[in-house]
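Quick heads-up: structures coming right below.
In the two complexes below, chain A is the common chain; its partner is chain B in one and chain C in the other.
Here is the complex of A and B:
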């Protein structure tokens, strides 16, 4: 049970985030990620035996299940699951474990804005906790464009509602390239590029946090 | 070696090593169906094919065919937005076409929020204004019921543009929420979003308008929806290979040029049905 807290300040304007790893006993890897008041719990099972219908001959079959806080998973959850799955597939070295299944279960504990980026961060920490081979790390950053054009990083639910556009990016750790991009609402091309630059800068803070939390965890044992 | 033998060998090679087969074409900067890397398939649009619906459009992009019907009905509004109309959509895939296609149903369902998002932002705001005029008399509501059928799902995001194509006619309410079928006004569409899909191969090559086979072999896909003012309605890149900012910018520029081409096509089609 390792808990680490980060208080990013200065230019980034991210909400304070914290992470706890290895809190569940059944899954092979688990992580709880908190961003402000939004928190997501991730449980990772795998690589385990896959069902014959689902197994792939050359790589691991990754499955993502996203459970909302209330109600049954709907169309929005399916869409998010697909995005998360393809993001994780690009990063997990599935070819090292052919004909296996890796299952990632995400449970939304509370939603106060920037849910998709919190899910991405929790997924990455879960993958690290499970010790799966990854080609790079990734982190999620959400930007909200207010009607007057200012960019708010890691918006709260209120900011997201009032925003003209909400953009979520998954940035990779090696060269800060874009792994996943989703936008909601309309924005100009320059604004999107600006948000992307801001997100890449914010990603530095998050990756430093990953590094610190893992260093703390493995230095004690 | 005879010509027939050559074709059979190519087909066998394609079955055994589809990626290598495809890469050989990419080396020559072209694709198996003869297109350039940045070329779109032939697009055809047909309006008004479904007479029972208020408006309808059939869009064919290569061999992907999508038909969309729009119907406006009077209904009670959602509890939290009493002044607005709402869009209800459902999609069905013709499973009889290709038995292996259980995946499109998840693709379709996953595409629904994307579609709803794009259409809500572009059409509904205007609808709100339309309703407010009525609401001074009494509580007027309108439900727009979208439905579409994806016949062959090569290109699951093109139907976004097909919805904007029909000139939909809604019923005007007079007095006490009565539906007057005789009087019809065209639905005001604020923007015309157009979607463009790209596929990334081996993290380097970017191709436009991938077919189903190309999408299976691709390492990543990107879909960009733009509108007339070159603003982005939506950027959808669900994982896959990494893209730099410049590569993303290239996609956006290509999407903007595509928008102009499609807009010309839409204008031509709408003009052709105007006299009716």
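Here is the complex of A and C:
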């Protein structure tokens, strides 16, 4: 049986998070999200006029662009963009803004592990800053399965490299359901289920972070 | 991201001209000693690549980009290299401290916007001001008061004393900015040496209400295995997997038989040239669990199974052509049509004539 040990050293701990909203003046919504040394900047434009070729008659057309830190976007960025787009489409109430375009641009500022979950978190904070109607919030959590079966949450780059499998989940805020799941490497069904449960518990902490940061911003006292 | 009009696909004129200006300012001004980047003369050399990401365009991106560029070059450290005769050893950052680039001087751009045919001059225009300006003058200077690049654009014609005045303003500004840069680089160097925190994380301000920080948080992982076990026990068993692959030729496998074509019987017409590739429907199990692990497992299974004979009904005409070399036709007048068919011979399949089942 595998054991998930909550060591104080850092197995099932989330790294220090920080978030700043509204730091860019041009985009309608922007957020910088930091998880440890990984940082992603999200800029959102929308709902804006869509090109005729891209507009949808009954809802908003969502487009996600992920820009890596070095070099041009490649296949990996394209696949991440699709994963992010599907997650965002599941929560954004696009039917309230038909025939418009919502563009989300994510810029990777530094990558020290758990990049996709940092992108998901930045995207959610960006959507909140832009004031788009959402049916629920979402957060991203990455788990790394080491060769001996221990689960590490929010892994660093080194932990990801040494891991047997790296799983990223996008979890929604209403019922902690899974919006998106992606894995790299091999793991058994039981291990995946355990990672999922761990991720759902971590999601509680992340949603509390969202609440606290928004409370700080919008409270009158 | 920088502005709503800047699309990711094609580079707008603005960015192309900015790129060109920065190349002149940073590369052609020889601010970096490129000879020191040589490792083995005539064979090996370091290549430096500078990626700039424009985050927000609120006017005067030229200045911001030039400052960012030169600071990045000053801050950069390259791996240390030692050459002994023919042998070149590149040390990792852990083995030996990386070495900074050799920078001669720091060129910094300053932009001026002109209005009313040169009557009014604005330094460091904002985005609104840029939209209504008549002309633009960019001067790149270093702290030794040497002009590295000068560029004038727009519909304004400038007089000599205007340009001299601008260059004096530039000298003052560049001196201030260079001092700022030196201080920032020193602070970073000190922080790294003393083991303090550095980088983007530290630039997030604490005092703003739009910023929020959280320390490292532990996550309760008691009873994770039990909870996971319960979920698996309560879940429906995975649906049956239909993995009966049919092996036609080495390298070609077929799963599923495709849907029946509802276009009607076209056997008698000369429409055999039209390659109708019927859709191969994937097994339902593929949609159940979308993890990559599952996919790799399936692929292994398809290769291990025995090849299964298709039914030997006489009415079915399935002709799978072996991939073969297309003979080169050296006719002077090559029409496209025969070439098309020869290409399609590679994976063409004649339609099966199905009896009603």
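The criterion applied here is as follows: the second predicted complex is superposed on the first by the 207 of 221 C-alpha atoms of A that agree within 3 Å, B and C clash if a C-alpha of one lies under 4 Å from a C-alpha of the other, contacts with A are read in each partner's own complex, and residues count from 1 in each chain.
By definition in this document, a residue touches a chain if its C-beta (ideal position, glycine included) is under 8 Å from a C-beta of that chain, and two chains touch if they have at least 3 such contacts.
Just so we're clear, the structure is a prediction, and the values are computed from it rather than from any experiment.
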Fit-or-clash call for chain B and chain C when the two complexes are aligned on chain A: clash
Touched partner set for A:181, first chain B, second chain C, both or neither: both
Partner chain(s) touched by A:110 [first = chain B, second = chain C, both, neither]: second
Chain B versus chain C as contact partner of A:82, first or second or both or neither: first
Touched partner set for A:189, first chain B, second chain C, both or neither: both
Which of chain B and chain C A:170 touches, first, second, both or neither: first
First (chain B), second (chain C), both or neither touched by A:97: neither
Chain B region in steric overlap with chain C, selected from 80-88, 98-106 or 224-232: 224-232
Chain B and chain C contact sites that coincide on chain A, given as residue numbers: 181-187, 189, 192-193, 196-197
Chain C-facing residues of chain A, complex: 1-6, 8, 10, 12-27, 32, 34, 37, 39, 41, 43, 45, 48, 65, 67, 69-71, 105, 107, 109-110, 151, 153, 165, 181-187, 189-190, 192-194, 196-198, 201-202, 205, 209, 212-213, 216-217
Footprint of chain B on chain A - complex, ascending: 75-76, 78-79, 82-90, 167, 170, 172, 175, 177-189, 192-193, 196-197
Residues of chain B touching chain A in the complex: 106-107, 109-114, 117, 121-122, 191, 219-220, 222, 227, 230-245, 248-249, 252
Footprint of chain A on chain C - complex, ascending: 1-4, 8, 49, 51, 53, 55-58, 199-201, 204-205, 208-222, 224-225, 227-229, 231-232, 290-293, 296
